[in-house]
Amino acid sequence: MSEDLQTLQRRLADFAAARDWEQYHTPKNLAAALSVEAAELVEIFQWLTPEQSAKIMTDPASAARVEDEVADVLAYLLQFCGVLGIDAAAALAAKIERNEERFPANRPSRHSPE
Amino acid sequence: MSEDLQTLQRRLADFAAARDWEQYHTPKNLAAALSVEAAELVEIFQWLTPEQSAKIMTDPASAARVEDEVADVLAYLLQFCGVLGIDAAAALAAKIERNEERFPANRPSRHSPE
Amino acid sequence: MSEDLQTLQRRLADFAAARDWEQYHTPKNLAAALSVEAAELVEIFQWLTPEQSAKIMTDPASAARVEDEVADVLAYLLQFCGVLGIDAAAALAAKIERNEERFPANRPSRHSPE
Amino acid sequence: MSEDLQTLQRRLADFAAARDWEQYHTPKNLAAALSVEAAELVEIFQWLTPEQSAKIMTDPASAARVEDEVADVLAYLLQFCGVLGIDAAAALAAKIERNEERFPANRPSRHSPE
């Protein structure tokens, strides 16, 4: 994993340890927290048209809210990976390689990444 | 953002462009897809005790499934940030600084990050 | 709650008891399972345009999938309410009354139910 | 569907029509809103132990919050079913019958409802 993600992951771990929050950070709880934050991101867009959603960052208040939820999602993802010893960036690199075989670029395919 | 995340984000963007999938990748749709992948991570843990959840990586099949869902969550997070021009690592660094002020380490506090 | 919902709730409770699944059915686990099923419903629509989503029931395979996920969401909602002694229909009736005061019909308002 | 659910579904439809909210109520948006409300239910439990989660209704403030989220989940489920013409109770009854065949009570089985 990159230096930056490692640094962030370490800061999050230190933050939790300093507040005695590690007891709450089971993989099960962190996965749930990650899904809750992802839903808060969805909530921002739930009543918007596709076109409105593409312009979300032009409104400063909405932009700040989106960035805040992105931060929360990444925070729980890194904490989840931290307690389980997973290298998220390496997992994604491996997945991209698998997908390049599953979905050849020169053949038509419906969108169905997962 | 770190070189590695930037590289992954670029590979995901190229992958989508080569398959003409960009039309599907509105921020609204990518946020929904992110939440679906986060739920697939939750699903792995939904009937496990906290103790069982902590040992999930000792079973190779479960470990592979967890890493696969982590990859999917990070993939959609990076694609979401890519279409909106958000630097996820910078957003998280800023959030950690805000949280260090909101939740001082030397005062007792219930866990309630969001 | 209506007779029908009560009957369904009882059948679900008997089904779980006969398979010794009650041990898994903590409110926390059932809430997670409910959210996973809701995400599976979202997944059906994630790449569709609003217009395509409105026609989902015209495709028999998609219609069956939607009905299946609706059944799962209702099943976990009823089981969640069953273990906690909540009358979901009464809770909703009370909520509608509160919302009728919060969102008067004769005044313009942005959509923001929650 | 039972009279009660039908009545609630009708009240929700009238409520939306009176506020000109029908334009937002595509199946895609309602599925997303349902998943957001389910996540808000998960959020209440995310840091609790299984034992704490079983006692959630003994705290009046938590009990009110749980009932409120249950109402929201049921509201969006009924609105989703309303726009698509789905009878949720009938879909669940059919699913229970299928599950009774898939998971015979007299044979041991891991929990895996979906």
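The letters A, B, C and D name the chains in turn, as written, and every chain counts its residues from 1.
As a convention for this text, contacts are C-beta pairs under 8 Å (C-beta built on N, C-alpha and C of every residue); 3 or more make two chains touch, one makes a residue touch a chain.
Model, not experiment: these values are computed from the prediction.
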{"item": "Common touching chains of chain B and chain A", "value": "C, D"}
{"item": "Which of A-D and B-D has more C-beta pairs touching across its chains", "value": "A-D"}
{"item": "CA centroid of chain B to CA centroid of chain D, Å", "value": "26"}
{"item": "Computed distance of Cα centres, chain D from chain C, in Å", "value": "2"}
{"item": "Contacts with 2+ other chains: residues of chain A", "value": "24, 29, 32-33, 35-36, 38-40, 42-43, 45, 47, 50, 111"}
{"item": "Residues on chain D engaged by chain C in the complex (per definition of touch)", "value": "1-5, 8, 11-12, 15, 18-19, 21, 24, 26-29, 31-42, 44-45, 48, 50, 53-54, 56-57, 66-68, 70-75, 77-78, 80-81, 83-86, 88-89, 91-96, 99-100, 103, 105, 109, 111, 113-114"}
{"item": "Touching residues on chain B, where the partner in the complex is chain D", "value": "32, 35, 39, 42, 47, 49-50, 111-112, 114"}
{"item": "Chain B partner contacts - residues on chain C that touch it in the complex", "value": "24, 29, 32-33, 35-36, 38-40, 42-43, 45-47"}
